[in-house]
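Two complexes are shown next, each including chain A; its partner changes from chain B in the first to chain C in the second.
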Partner chain A sequence: MGFWHRIRGHVTSWAFLVPFLAFALFPFYWAIITSFKADANLYDLRRNPFWFAKTDAVTHQPYHKDIIVPASYPAAPIHWEIKQGDHTTRSDSEANPKPIARIGDQVVYSPVDGTLSQIEVPEGSTARPVDVIGTIEVENPTVTHYKFLASTPFYRWMQVSLLTGLAVVILTVLIAVPAAYALARLKFHGNRVIGIAIFLTYLIPPTILFIPFSQFVGALHVDNTIWSLILSYPTFTIPFCTWLLMGFFRSVPKEIEERALLDGATRMQMLRLVVIPVVLPGILTAAIFAFTLSFQEYVYGLTFISSTANRTLPVGISVEMVRGDVYFWGPLMASAVLGSLPVVIVYGLSLDYFISGMTTGAVK
Partner chain B sequence: MFEREAPLGYALVLPAVLYLGVFIAYPFLMSVWMSFSDAQAGNQKWTWTGWANYSKVEAYDVLANSFHVAQFKEKKDAEAFLAARDKATVTAEPAEGGKFKGVLHVAGKDVPVLQLDNDGDASFAVQTILSDFDWSVAKSGTTWDVVAKTKDTPLTLGEFQDRKTMKDAIKNEVLVEADTTIQEKGTGVLQDPNFVRAVKNTFQYTFGTELLKLLIGVPCALLLNRKFAGRRILRGLVVIPWVIPIAISAQGWLWIFDSTYGVINWALVHSHLVSPGQVPNFRGDKDWAMFSLILVNVWRGFPFTAIIILAGLTAIPDEIIERARLDGANAFQRFFYIIAPMVRPILMVSLLFSVIFSFTDFNTIWIITRGGPYDQTQVLSTYAYQLGINAGYLGKGAAISLFMFPIMAVMVLAMLQFLRREV
Partner chain C sequence: MAEVNLENVEKRFGETWAVAGIDLTVHDQEFVILVGPSGCGKTTTLRMIAGLEDVSAGDIRIGGRSVVNLPPRDRDIAMVFQSYALYPHMDVYRNMAFSLQLRRVPKKEIDRRVNEVAEILGLTPQLKRKPRQLSGGQRQRVAVGAALCRQSGVLLFDEPLSNLDAKLRVHMRTELKRLHQKVRSTMVYVTHDQVEAMTMGDRIVIMNGGKIMQVATPLEAYDKPKNRFVAGFIGTPPMNFFSGEWVDSKVQLGGGVKLPYPRSSPNGTKSVVFGIRPEHIYVRPSGNKGETAVPSVIEVVEPLGHDVVATASCGAGVFQLAAEIHDGLKPQDKLDLQFDMARAYLFDRDTECVL
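Take a look at the complex of A and B:
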C-alpha cells in the first residue's frame, strides 16, 4: 500500500470534520483575538478583522491617540514625566498610575497603552485647555483589556465562583456517594422508587424553581450571600451525580465485596477499603461535573445575588461589564476568555472522564 | 443479608432524600401555592386568589375582520358594485331606540352596515370599512358577495363585560353578514399577548434547535466514529462549546452579532452580498433575533448530541458493519438499515434530554436578546423572570414557570417508559 492510500482515510476524516470544528471554535477564536486588539484596530472597519493591523487603513499611519489637556485644567507650563519613545500604560488599568506629564499642579495620564511618539508642546511651554500636547502610538496587539480587569470586581467574581464550586463539590460528593451506593447495591423497600424520584428531580430545571426559591433563600436570610448558592446548586448536582455514580457502583463486581465481607471486614471497612478505591474514577467524574455545573449556573446567581461584590463570574460579566447599552468589547472579551479558563483547565485535565460522564449521565 | 442491609440503605440515602425534599419538593409546592395567590415582591402576606394569575377575563373586545356589504345573483352585478366603490358615500341615520345606523351608499344602493350608539361612531366605522378595508368579489354559496376585508387592523365594535350582552349587542349592531373575533382582555397570564407569544416562541425555539442539532450532530458523530489520527483531540475540541458557561460564551456571540462592528455583517458587506445600509440587525429585528437565539443554542448543544450518538455508535460491533459491507450494502444502506436502528434508543434519550434543556433554557435568551426587541423573543422562562422577579409579580411569574411543567412531565414520562424498557 502506498503512502497516500494509508493516510487517505485520516485526511478525509479531518477534511469533513473541519467545518464542524470551525463552527464550534470560531466564537472562541473571535473572543481571544478581540481581547488582544487595541480599540483603534477593533473599530477600524476597513481592516480585515480576522487578524491584527498596525496602521490605520485610510492614513496608513500607525494607530495613534492624541493626548488632550482636559478642558477644566488651567493654562500652565508643562513638565513631561516621560521621554519621547517611552512606553505608557493606560491609567485605568493600573492601581497607582504614573502620570505622563504635569501641567502646573495638575497631572495628565495616558489614555491608552503605547509609545509616546511625538511631543507637540515641549517641556516648559504653556499648555492650554483642550490643546493637543502629544501623540501616543497605540500598542497592538495589547494586553490592555486584561490589565483593565484589575480595576473591575472581575477577580472577586472569580473567587466567588471558584469558592462556590468547591463547596458544592464537597457537599455533593458527601451526599451523593452514599446515596448512590445504597441505591445501586443495597436491597431495601422503596429503593427503586427513590432512585427514580432522584432522577426526576434532575429533570426539574432551575427555571421552574427560581421564583419560589428566591423567597425561600430570603426566608432563610441567606439571600445576597454565597450561602444561597452553596445551598441551591446541589439541587441539580446531587441528582445528576447520584445518577452518574449509581452506574459506576453497579459496574463493581459483587464478588469483590462479598469476599471482603467473608474475610471479616465490616460493611463500612469494605466500603472504605474496597469499593471506594474501585469507583474513584467515578467519584472524580462526579466531582468534575459538580464543579462544571455550578460554574456554569446562571439563573440562581442572577436571582439571589444583588450586590456587585457577591456575584458569580458569569453573572458579573454579563450584568456588570455592560454599562447601559454600551458594550466595552475589549474588556468584555478579555473577561470571557479569562472566565472560561477554570473550566477549560478542568476539562483539559479530565477530557476522558468528562466525556464518559456526559454519556453515562445521559444514558445509564 | 436483606435484613441487615435495609437500615444501612436508609441511612445512606437519607441525607440525599432530606436535602432534595427540602430544596426541591418544598420550593416546587411553594411555587404552586404562589401561583394561586396574590404574591408580590415586598408583600408578606399572600392570600388565595384562585385561578386569577392564570386566567382572569375582565372584558371582551369584539373585533370585525370582514363584512359582506352586498350580495348579488350575478357576478357582473357584484363587479359593477365593486367598481362604484370610488363614488360611494357614508351617512349616519337615526334608528329606533336612539341609535344610529351607518349607511353605505354605493351605485344607487343604500346598505345599512352597523347600528351604533351615536352618529359619529356609526359614520366613522362605516367610513373605515369603505376606505381602509380591501374590497373584493367572492362567491359564497349561490350568491356573489362584495366582501370588505382587513388583515392587520380589525374594526373594534366595542368592549363588553360578559358574553351574553356581547352576543346580543353583536346581533343588534351588525346589520350585514360579518366575521367577528372575540379577544379576551384581563389580568391573567392567558390574557397577556406577551405570554401567548412566549408559549409560541418556546416551541419554535425548542423544535428549531432540536432539528438542527440532529442535522449537525448526527454527521458529526458519524465522522468522529471513523478511525483516524488525532481523533481524541478533535473530539475534545468539538465538545468545548458545551463545557464553557453559556453566559460567558454568549458574550462572544453578542460581539459576533453586533450590527455595526460584528464579523458576520463585516463579511456580508465585504463580500458585496449585502449593501452596508441593509445588513441584518441580529438583535433588533424579531425574526433575526429568533434566528440568532437558535443559532447560539445549536452551537452549544450539537456537541452533546454528537457525543451521545457517538457513544451509541461505538457500542455497535464492527463485525456487524463489516458483514453488511461484505453483503454488498452501500454506505447509505448501512446507515439507514443497520446503524440508525441500533443507535435509535440512545438517540431518543439524548433528544429527550436536549428537548428539556432547550424548552427550559433561560441563559441564552436572557443574554442574547433579553426577550427583546419589545418582548418579541420572550420564552416562558425569561418572561417568568421578567414578570416574577423584575416586575415583582411573584404569583404570575410562578404561574408562567409552572406552564412548563405539564410539557416537562410528558417528556419525563416518555423517558421513564423508555428506561423501564431498557433497564
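Take a look at the complex of A and C:
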C-alpha cells in the first residue's frame, strides 16, 4: 500500500499515453524548433533534431554567418573601407541599423539585428561580389525565417486559404445540416441507400476527380480563381459532414422533438428552437472538420489555380518555397507553424463544446 | 369541456395490429388510467390521442371535435413523456414557458403561470437551472410542470413515474392525484404498473393484445373482473388459477379436490378455470359461509412485514396465499386452508370470460 498503490492508475494511463503523445507531437516539435533555428544550426546535422545549440558540433566554435558582398555589386575589383567604430556597433533598432561596412559608396548592413562579431578585412583591400568580407555571429534561436515570409506572398496565401475555408464551411453547414436531418429522422423511401451513397462519394479520392472537375471549372469560367475551390471543396466536405451530423441528429432524443410538436411548434420551429441548439456541438464539430479539410486540401488547389497570388497556403508553400531540389527549410517550417495556427485556434476555442455533453439531462 | 372519445380506433404497423379497434370515452375532468403488459397497445393509443401516431382507422374526438386530421399542436393537449423530454439547452423556466411562448401568450401571463406552477410543484428555487443540474425527481416535476402550464383541456401521461426510485414513485403518485384534484384537467395516464392504476385512477382501462379487456373503477376491476386476464392482472400477489371441471354446482380440480360453487352457473359439465385471490384463502376458519377447507402443505414463506405471502401446494397444484406474520406459518406445515368460495371466480376455459 501507499505511494505506488495510489499512483498505479496514473502510471498505467501515462504508460499508454506517452508513446502516443511522442508519436503525435514530435512532428510539431520538429517543425517549431526548425522554424526558429538559424541556418547554421539547422544544417549542422549532428544537432538535428535536437534543441538549439550555441556551437558547431565539429569545431565547437560559435555559429557564424558570412557577410558577402552583394551579387548585385559591380563585378570589378572595388576599393572599400570600414570606418572606425562601425564594425562593432550593434544596430539598436530595425528602423535605423548602423552600417557595418562600406564598399565604395554602398553600405552593407547587418543581415540580422544580432550580435556582430568581427569583420577582419584590412583597410584598403579589394573585394568582389560574393566575396566574404566578414563574419557575423548568428542569433540562435532566431525569427529570421518568419521575417522572410513577409517578403513572400505567404500572407496572401493565408488570406486565400482562410477565405476559402470560411466560404466552404458556410456552404457545407447550410447544405449538410438539413440533409443530415432528413436522412437521420425523416422516413422516406431509399433514405438508407442515399445515406450510404453519400458516404461512398467521400471515399473517391480527389486525385481521380480533379480531371473531370477541371472540365466543370473551365466550363464555369472560374479557373484560377478562389471560386473554383469554393465550389469544388464542398464535394468532399458535404458528404463527410452529412455523415458526421447524421450521428448527432440520431442521438437527439425523439421525445424532445415530439414534445416540441405538442408544445405548439411547427416542424421548422422545432428544428430551429430545439433540434439545432441541441446538436450545436455536432454542427460545430462538422464546421471544424470542413474547415480543416478545405484548409489542408492540395490536389484541387494545385490544379485549378495557376497564379502565385491565388494559391492556397499548402500549395503556395510547397510550390514557391521549394526551388528545384532546394528546400528552404526555415521558411517552410515557419509557414507550416503559422499555417497550423488557424486550425489550432479554432479547435482551442471550441474545446469546451467537444468535451461537454450537451444532451445530458434531456432524458431520464 | 374536454371529453375524449375513441371510436373503433385501430392501429396497424404493417401486418401487425398494435391497437385492434377500441372504443373508449374519457369524461371531462376524469383521471383515466390505461394499464396493461408491455406491447398491449396502451402507449400507441395514447400517442394516437396526442397525434404522434396516425390512426389506421376509426375516429378520435377531443371536446366533441374530431382530431384525427389535426397536427398535435392544435389538439388542446399536453403530454408528459416517460423520459421527461426536457429541452437540455433551456433552463427550467424556459422549459415550462416554451409552449406558451410559441402560442404568443403575453409575457406577464407566462410569468404568472410558470411561477404559479413552479410554486405548486416546489420548483421555484430551480427555475434558473438547466435540466442536467437537476435530480431525477426534479426533472420529472419539470416535465409535469411544463404540461400544466399549458392549461390544456387534456393531459396525457406516458409512464411518467417509471424512471423514479420506488420511494419517490409512491410520493409522486400522491402528488399527481392531488394535482388532478387541483387543476381538473382530463387526464389519460399510461402505466404497466397495476398498483399505480389502482391507486390513482377514477377509472382504469385494462388492455391486452391491442384490445380493451375491461373499463372499470378500481373497485369494480378488483371485485368484478370480466375475464381471466383482468382477474390475473389486478391485485398483488396475483390471483391463483386452477383448471378443472364444473359438475353439478361443484368444481372438480386436479388431485381430487372438490369445491362447492354456490353461484348460479351453467348446467351440465363444463371445462373451467377456477380462480381465487391469495387474500381470500385463510389460515383458519373465519366462520363465514361458503368456506371450504383444502388440505395443503406450506412450501415457502415470504414475510413482507405485517403481511406474509406464502406459497403452498394442494392436490390441485401450487398457489399463493396472503397471511399475517402472526399466523406463524412455517415451511412444511400441513394444514387445512380455507378457500372463501363466495369470493372465488369461475372462468370459461375457452373464452376466458367470467361465468
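Quick note on the criterion: the second predicted complex is superposed on the first by the 264 of 364 C-alpha atoms of A that agree within 3 Å, B and C clash if a C-alpha of one lies under 4 Å from a C-alpha of the other, contacts with A are read in each partner's own complex, and residues count from 1 in each chain.
Quick note on the criterion: a contact is a pair of C-beta atoms (placed from the backbone, for glycine too) under 8 Å apart; a residue touches a chain by one contact, two chains touch by 3 or more.
It should be emphasised that the depicted structure is a prediction, and the values quoted were computed from it without experimental measurement.
Touch criterion not met for A:S306: it reaches neither chain B nor chain C.
Within the superposed three-chain model, A:S318 lies in touch with chain B and out of touch with chain C [touch as defined at top]. Of the two partner chains placed by the overlay, neither chain B nor chain C lies in contact with A:Q61. Legend: residue contacts after superposition of the two complexes on their common chain; A:V274 is shown touching chain C, with no touch to chain B. Judged by the touch definition given at the top, the superposed model places A:P253 against chain C, while chain B stays out of reach.
Ranking chain B and chain C by residues of chain A touched puts B first. Judged by the touch definition given at the top, the superposed model places A:L262 against chain C, while chain B stays out of reach.
Taken together, the two complexes place residues 358-359, 362-363 of chain A in contact with chain B and also with chain C. The touching residues of chain C, counted against chain A in their complex, run 50-52, 71-73, 77-79, 81-89, 98-99, 102-103, 130-134, 136, 139, 146, 150, 163. Against chain B, in their complex, chain A makes its touches with residues 9-10, 13-14, 16-17, 20-21, 23-25, 27-28, 30-31, 34, 42-43, 45, 49-50, 174-176, 178-179, 181-183, 186-189, 191, 194, 196-198, 200-201, 203-216, 231-232, 234-235, 238-239, 242, 267, 292, 295-296, 298-299, 302-303, 313-315, 317-318, 321, 327, 329, 332-333, 335-336, 339-340, 343-344, 347-348, 351-352, 354-355, 358-359, 362-363.
Chain B contributes residues 1-2, 5-6, 8-13, 15-17, 19-20, 23-24, 26-28, 30-31, 34, 39, 216, 219-220, 223-224, 226-232, 234-256, 258, 261, 263, 266, 299, 302-304, 306-308, 311, 346, 349-350, 353, 356-357, 360-363, 366-367, 380-381, 384-385, 388-389, 394, 397-398, 401-402, 404-405, 408, 411-412, 415-416 to its touches with chain A in the complex.
On chain A, the positions that touch chain C within their shared complex are 253, 255-256, 258-266, 269, 273-274, 277-278, 280, 358-364.
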